[in-house]
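Below, each structure is written out as structure tokens.
Same chain, two partners: chain A is paired with chain B first, then with chain C.
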Partner chain A sequence: MKGRKWIYILIALMAGFLLPFYVGPYPLGIMTNVFTYMALGLSWDMMLRAGQLSFGTSGFFGLGGYTALLTTLYLGLDPLLSIFVGGIFSALVAFVLGYIILRLRGIYFAITTLALAGVFTVIARNLHDFTGGPEGKILPTTIFDGNPTYIYWLTFSIALGTILVSELFQRTKIRFAITAMRNDEITAQSSGIDIFKYLLFVFVITSAIQGIVGGAYAQQYGFVSPESTFSSNFLLLPIAMCLTGGIYSTLGPIIGSIILGILSEYLKLRFPYGHLLIYGIIIVVIVLLMPRGILGFLKSFRYRFSKGGETG
Partner chain B sequence: MRNENSILEVENLTKKFGGLVAIDNLSFSVQRGEILGIIGPNGAGKTTLINVISGLYFPTTGRILFEGKDITNLKSHQRCRLGISRTFQLVRPIKEFTILENVMVSAIFGKNLKLTKAEERAIEICEFVGLKRLKIPIDSATVLELKKMEMARALASDPKIVFLDEIMAGLSVDETNEMIDVVLKMNEHGKTIVVVEHVMSVIRRLTHRVIVLDRGKMIAEGSYEDVSHQPAVISAYLGEEE
Partner chain C sequence: MKDDPRKKITLMVTLIILIILFVLKPYAIIYGVQRGSLYALVAIPLALTLGIVGILNLAHGDFLTLGAYLSYWFFTSLGLDPTVSIVLIVPLMFAIGAGLYKLTISRVLKAPLLNQLLLTFGLAMIIEESINLIFTSRPRNIFVNYASSSVRIGKLQFGVYEFTYTLAAVGVLLFLLYFLKKTKLGKAAFAVGQNPRGARIIGINVEMIYLLIFSMSVGMVGIASALILPRMSIFPLVGAPFTLKSFCLAAMAGLGNLKGILWSGLILGIGEAVIQSIEGYSGWADIVFFGVLIVVIITRSYRGSYS
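Presenting the complex of A and B:
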């Protein structure tokens, strides 16, 4: 059983890596998008695993995007390197802000992260000389000269890296800390867990991922603007994907982002007008019918069958 | 004041909740290796005292010294790592974890062990407190198992002093006897123990010394025999029964 799991993983890796040799630029673009949202979804879920609902995803995404683009524009930084600088900058901002806001809990934390993302947008819009104001900034070239295969591999690698981090969260002592904190902070701290330290750690790591994804996105289009780079799509779609696939896991956000990412493209082709409405309805129906996501649904399904007659 | 043999000293401790004084200028010390009983009617402040000593609440005034070191401003997790642990009167398991994983948490973070070592340690401790079904989910555990899990978790961080908050409540006579044996065994293994208990017969069988609290104040101290005959203690308990 263990061995077979590794074979599946290997096949998925090979398929992901070799995809550009088998499909054209259009499907490749779709998958590039899927991996972008997959990494965002996983990062949002990791914070949720620590017990905190963050609405800051698009904020740190945009921060990374602006940082990457502007460092290339003004400092001539290599685009690939600038993406990591975007991640580092998002992480630094998360560290400083986290020190203050991670004392908040639940809805207070959630609303504050949302407000911060709003503040980032306002700053980007108002620093005209530096950020280009509402029009944003454009680079003369895009990363890899727009080569879709390389861009695909870039986002594929970022998603892979994020999956790796997510699995570290699931397999090391981090899992014990964040699961305990999420369930009962009083028990957690009485058992020796430094809750604040772990929250800060998770907030910084997930913000770094969001910054990297944002950096890659900005370099991919060679463009940033307040409306597009801080778009609420980068907050809401990852959440929808996690809810669809199943929260508190690595596999859930992966499944959710693949299904919803491909579905949204299909709907766009099929129903050029009104695809967003249908998309929204489908998400609502899935979440209502399967409150624990597709993964949770499949698990309970399998459980029921493996138990056979016992539960009927 | 400072006694070489005392492991914990509480000095002029007061804890107020708004206008309510839950702990009222309380001073006492716990001797290394003893089993100290804390008794008193409901609402006397016993649980609050444990919460303040374990760092869940900060005192309004007063100091707490552990092994001579002022820990009044340390956080809960720091006190746990220093060697102070406690159980919860209303059990607080991590519901997504098995019994064993619950105990592992405190071995990992309270004693700073790697996962595999923590698991070995958690298994040993579960055995020590008499837990047999280690891999069961929390919602299929019995009351006795949950109480034992609380004890095992408190022990897994390798504490020097353990506070037990009404661990016998809700147990049958046989189960209570079993728990008493576990507590005595813990003490034989060198743990200093503070038992908060409502049942007098348990206190009589377990403790070397007793402190009686009433409305946050100490109203008596001494051996069980001394204390149980004092008029103030009797009236505090009788008053409750009315």
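Presenting the complex of A and C:
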């Protein structure tokens, strides 16, 4: 059973890696988007596993995007390197902010992070000379000169790295601390878990991932502007994807982002103006009817099925 | 509490700052009071739901948008004056709130916090995007001549229409205080807010109170919706920032302190107006609330009110 699982993973990896050789640039672009949202969704879910709902995804995504683009523009930094600088800057900001706002829990933390993207937008819009104000900034060239295969591999490896971090969180000692915190903070605290330290750690790591994804996205298009870079798409879509797939796992967001990512392309073609509405409806319906997502649904189905098999 | 010397000092300092500001930037104070009253008017219903139903409604600001578009629709299709249409908007919004409560909110009351937040977040997106689909993102505004009436005192000339926000905020506040302290239903609601289980034991229909309070707060947002229409362009995202600002005010005042929201609103409004009046920095006014929120968090966490 265990050996078979590794074979599946290997097949998926090979398929992901070799995809550019078999499909054209348009499906490749779709998959690039899927991996972008997959990494965002996973990072959002990682924070959720620690019991804190963060709406800061689009904020740190945009921050990484701006940092990557501006360092390339002003300092002539290599685009690939600048992506990581974007991640580091997001992590730094998350550290300073987290030091303050992680004293809050639940709704207080959630709504403060909801404000972040808006705050960053205002800052980006008002630092005219540095960020280009409302018009944003454009790079003369995009990363890898716009080669879709290389861009695909870049986002694929970022998503892969995120999956790895997510699995590390699930398999190492951290997981016990995180799960304990989510289930009952006071018990966790009395078992000697330094909650604040762990939450800050998770917040910084996930923000770094969001920054890196944002950096890659900005370099991919060679363009940042306050409204598009901090767009609530980068918050709404990952959340909808994680919920669809199933939260509190690595596999859930992966499944969700692949399903919704491909579906959204279709929706965009069918309903060019209304596709965001559908994400809102997906979120509401899943929260109400299927709070553990497709994965949770399948699990409970299998559980019921196997139980029925035993008795019958 | 009344003899608390720290409170007296704070009050004195605030008054002195206000007087200095009034001499330096009289317009900032006037506009700040107008704007701040609007914030308070929108924030009071949010705090009511938060305090009694225990739900943070992330779609709160979008209800403001919804009401404003309803009022706009009444104006353009029936020729109804926005201030008159309040009598229609409030019951309509009340009904919408009741429907949404029955369909969605009531199902997540016992669910984890996460589900409640995600649900209202999803609702917010649905409202924003539906309005975007129906009315497009083009800003709409209407003209009624009384909205631009102004008054001159000495050298100062300013619009008076916005003071209806102040009147409405004070009116809503007084109504709620009366409702919660004096009427039987209000007292029951107050009890539910303090201890839902205890309230259920003594025979209060908790579900009914939740439904009433949630619908009432959506209805009250309708007042603000109709009032802003004559003076503001409306677009699908016009109300969204109000959610965050309302929450900021609720956090400033502290849970259950409705009166405090009015004062917090005025402070935030004046703060924003002062920043806006400084040349070259007007764009920064939108993040005043975030700075205030962070300061509130830090001071509260040092005093240990939150943990």
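Methods note: the second predicted complex is superposed on the first by the 288 of 312 C-alpha atoms of A that agree within 3 Å, B and C clash if a C-alpha of one lies under 4 Å from a C-alpha of the other, contacts with A are read in each partner's own complex, and residues count from 1 in each chain.
Basically, a contact is a pair of C-beta atoms (placed from the backbone, for glycine too) under 8 Å apart; a residue touches a chain by one contact, two chains touch by 3 or more.
None of these values were measured; they are calculated from a predicted model.
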Which of chain B and chain C A:Y108 touches, first, second, both or neither: second
First, second, both or neither for A:D194, with chain B first and chain C second: first
Which of chain B and chain C A:L236 touches, first, second, both or neither: second
More chain A residues in contact - chain B or chain C: C
Chain B versus chain C as contact partner of A:F176, first or second or both or neither: first
Touched partner set for A:D184, first chain B, second chain C, both or neither: first
Touching partner for A:L288 - first (chain B), second (chain C), both, neither: second
List of chain C residues in touch with chain A within their complex: 56, 58, 104, 107-108, 111, 113-115, 117-119, 121-126, 128-130, 132-133, 241, 243-244, 247, 251, 281, 283-284, 286-287, 289-290, 293-294, 297-298, 301, 306-307
Residue ranges of chain A in contact with chain C within the complex: 48, 53, 55, 100-101, 103-108, 110-112, 114-115, 118-119, 122-123, 125-126, 236, 239, 243, 273-274, 276-277, 279-284, 287-288, 291
Residue numbers on chain A that touch chain B, as the complex places them: 172-173, 176-177, 179-180, 182-184, 186-195
Chain B - residues contacting chain A, complex: 54-56, 75-77, 80-81, 85-86, 88, 92-97, 101, 104-106, 108-112, 114-115, 118, 153, 157
